[in-house]
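In the two complexes below, subunit A is the common chain; its partner is subunit B in one and subunit C in the other.
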Partner chain A sequence: MKKYLQLAKITFEEYLVYRLNFYLWRFRSFIVFLTLLFFWLAIYGDRTEFLGYQKAQMITYVIGIAFLRTIVLGSRSADLGPQIRSGELTKLLLKPIKTIHFWFTRDVVDKGLNLFFTIIEILAIVWLLKLSFYLPYHLTTYFSFAVLSLMAIFLYFFLSFTLSVVAFWTEEIWATRWLFGVIFLEFLAGAFFPLDVLPSWLTKIIYLTPFPYLVFFPMKIWLEQLNSGEIIMAIFICLIWLIFFWWLAVFLWRKGAKNYGAYGG
Partner chain B sequence: MNTIEVSHLRKFYSVFKKEPGVWGSLKSVFKRRYEEVRAVDDISFNIKEGELVGFIGPNGAGKTTTLKCLSGLLYPDSGFVSVLGFQPWQRKPEFQKQFALVMGQKNQLWWDLPPMETFLLNKEIYEVPDEQFKKTLEELVELLEVEDILKIQTRKLSLGQRMKCELIAALIHSPKVLFLDEPTIGLDVIMQKKIRDFIKEYNQRYQATIILTSHYMGDVKELCQRVLIIDKGQLVFDGALEKIVKKYAEHKLISVVLSEKVSLEKLKQIGKVDKYDYPKVNFRIGKKQTSEITSKILEELPIVDLNIEESPIEEIIRDLFTKKNYR
Partner chain C sequence: MLMVVKLIKIWLMFTSRAAQSALLTTWAGVLFIIGKIVRFLLFFVFLFVVLSTVKNLAGYNREQVIFFFLVFTLIDALVQFFFRGVYHFRPLIVSGDYDLDLMKPLPSFFRPIFGYSDILDFVTLIPLWFYFLWFVFTNHLFAGIGDLILFFLLLGNSIVLGFAFHLFVCGVCVLTTEIDHLIWIYRDLTSMARFPTDIYYKFIQYILTFTIPVVILFTVPAKALLGLLSWQWVVLAFLISGLFLWGSFKFWHYALSRYSSASS
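After this line comes the complex of A and B, so read on.
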């Protein structure tokens, strides 16, 4: 355990070295958040309801996107692919440290730091624009939201790890990552708009994929728009995907590590 | 007991070949030609505890591939490898805690942080107790004379300073087995010498088993009693360094200091002249003719001094690699 603490510490120090990089990344995230927020504010205009969502609910959804983007979407394990290709992975494989744990530790630091700034940004915007924000009534809502969000963090981590591990076999990992990142993930996760504004036959298909459990369902829970049966169902499906990708990530990792060419040097 | 055992180790790569240019790239989309590279082809050797063995061969001979198999990075295609009783590719933590691989061309130090951070991280990764860490670090820092650079960002260090810190990072858990892949590459002669002295000292002080690869014969000559020579994936020599000289040296050098000028033609009649720069002449002659030609020189030339030497080991090995006539 101590080794991962030390790793967290060193990762944190690294971020302090790359300060500008971090600021720019924060700036970009902030702009994405603002764009989406103003887009939805413009659509609502003077309306109080649109597509079955109250204005306050939609604003809460958009703020939720910014929050969940920070803690769920985005993983340092994206760096693993290039490391496999360049042979840099070698130094990790030689040591008594688990690669999956290594990347997850780096993620925790990355997410923690970003979360700190995201919360400040959100609070500032909510206060400046005097936005009405939906706060759940029931205590259990907070609990289910926390459970599903936590599962979403792991689900996304294993998804991302699995994709990076593909670099053991393919030469061009970036094409797959881009396709995955932009088209599938953000859209299907509901990181632009709530998925239930789509035709219901389409949403039924999307609900079977792992993606809506990353952003959409946690937010639906927060907005208290799901009954307890639906919440349990969402957690159940998410759990199945989580176990599947966990298994796949570990399986592919083991297979790939055997196949590893340790290039260079 | 042998610390390292390798028997009939084989590791082949299949490499995809692409013709140059856009057309070649397009063709490769539809049809790829793979070629098998026999990086290591049936190698066997054993190394005892505390031995310091040199591993030499031309570029692409299979040295690094062998080291990668020994350190568990590569999964051997066939054959048996055992290091400290472990099969390296299983990557067991108990095994990883007892060895280190240093590659002169790769760094493990965290690029943007001072070396000390890497040492501290390695301390935790290898679960080194505080006391031992402090003691080992002190010793290594003193041996390598790096007190003042531990807190400078790695990327701002010179190559030599970085190499020293790489060594410390690799040795902080006091490994019993050490693989050094060209640890002196790109270093100046003074730094080379320091690293060499350090390796020797480390070997003796801790009874560590070390395999060293290097393109500088100086490293091998000074450090290793035993060498393994590998070429095209096969082991062509395993034995004492002097034996290479005995076995493969085809020539001897006779250097003579003349008391008066002699024409080059006359010198050439005696034997093959390597260099003539009055008053010095160097003859390069076949090993078997040594006594015959020496007496000729003594009889026919006005000499002040005469010396018979083996040809330098670099030359022998160069001949060996270019002619490829291993016996």
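After this line comes the complex of A and C, so read on.
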């Protein structure tokens, strides 16, 4: 445990060294948040309800996207792919440290640091624009949201790890990650808009993928738009995806590590 | 004139090499094209569904909003196609290999900006243009031949503005070796023009007109074709592009004078 705490400290210090990178990254996240927010504010105008969402609920959804992007989709494990291709992974393999734990520790630091700034940015915008924010009425909602969000963090970690491990077999790591880890992920997770505004035949297809459990379903729980049966079902399906990707990530890692040629290392 | 023809020939050679490199691994090319199509379709469906319910956005009807989205996609793909080279510039600066380009009888900005035109963007541009023209004519969004000419002039103006911004970013890269985040900030800011920029608060519209002129890049050409553009905006668009181009060249030359070729 001590070595992972030390690793977390080093990762944190790395951010302090490359401060400009971090500030620019925060600026980017802020722009994405503002774009979505202003789009929906324009759509609502004087309306109070649209496509099944009250104005406060939609604003909350957009704020929730910014929050969940940080704690669920924020990740450093994407760096593993290039390390495998460059042979840099060898340095890590020689250390008495588990690779999955190594990347998860770095992920946690990334999420924590970004979360701090995200909360400040969100509070500033909510205060400046005097936005109304939807707070759930029931305590169980907070609990269910926390449970599903926590599972989503692990689900995304194993999903991202799986995409990175593909680098053992192919050089096309960026193309694969871009398609599955950016385009599919952001749209199908509901990180741009609530999925249920799309035609129902399309949402039914999207619900079959693991992505909606990362952002969309946690937000539906927060907005209290799911009944208890639907919440349990969402948590159960998320658990199945989580177990599947955990197994897949470990399986592919073990296979790949045997295959590893340390090119360029 | 002779110089321009020579540069076009060199650009075609660069582009041919870049295309060979991009198509070397077909699988990656296929994945990128699938991604671009999926992103376009999902945004399209989303806008269609939302605008079918809301009927109008900032005074524009559904077809007009989709038209703005199509113009955004077209210009974005054009700019990416021409200036993708900037994504490859940082390694040249960090390694010092940019020295080799400076020794060639080419404008100093040529390789960084035009050295890696993206064939995959070009592939997506062809069907996109066909669909755009079909959409414009079937929905009667075409106001007249004068507006069409103005649209193409402003499209050219947008490409000049895109060039100016990418040149500025390359200048920053020479000075700081930072480029990726700046380019992505540009991409994020420009993505605000997926929708008509009139939907944003006035102060944001000012920022999007005078700082990173997203409005000039995307909204102004779209409004020209719809016949909604006043002459003052046309003058302002060319003026801002001219100013940005001038400023970017000045900054680029300043950055070059500070280039230390550190790693070579």
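Note that in this section the second predicted complex is superposed on the first by the 263 of 265 C-alpha atoms of A that agree within 3 Å, B and C clash if a C-alpha of one lies under 4 Å from a C-alpha of the other, contacts with A are read in each partner's own complex, and residues count from 1 in each chain.
By definition in this document, a residue touches a chain if its C-beta (ideal position, glycine included) is under 8 Å from a C-beta of that chain, and two chains touch if they have at least 3 such contacts.
As the structure is a computational prediction, the values presented were derived from the model and not from experiment.
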Combined model on subunit A where subunit B meets subunit C, clash or fit: fit
Touch count on subunit A, higher of subunit B and subunit C: C
Partner chain in contact with A:Ala124 - subunit B first, subunit C second, else both or neither: neither
Partner chain(s) touched by A:Leu7 [first = subunit B, second = subunit C, both, neither]: first
Contacts of A:Val17 with subunit B and subunit C, given as first, second, both or neither: first
Touched partner set for A:Gly261, first subunit B, second subunit C, both or neither: first
First, second, both or neither for A:Leu208, with subunit B first and subunit C second: neither
Which of subunit B and subunit C A:Pro96 touches, first, second, both or neither: first
Smallest separation in angstrom, by C-alpha atoms, between subunit B and subunit C in the superposition: 5
Complex contacts: residues of subunit A adjacent to subunit B: 2-3, 5-7, 10, 13-14, 17-18, 87-88, 90-91, 93-97, 257-262, 264-265
For the subunit A and subunit C complex, residues of the former touching the latter: 20-21, 24-25, 27-28, 31-32, 34-35, 38-39, 42-43, 50-51, 170-172, 174-176, 178-179, 182-184, 187, 192-193, 197-199, 202
Subunit B residues touching subunit A - in the complex, by the definition given at the top: 13, 64, 68, 71-75, 89, 91, 93, 96-97, 100-101, 103, 105-106, 108, 110, 112-113, 117, 120-127, 153, 181
Touch list for subunit C against partner subunit A, complex: 25, 27-29, 31-32, 34-35, 38-39, 42, 45-46, 49-50, 53-54, 57-58, 176, 178, 181-182, 184-185, 188-189, 191-192, 195, 199-201, 204
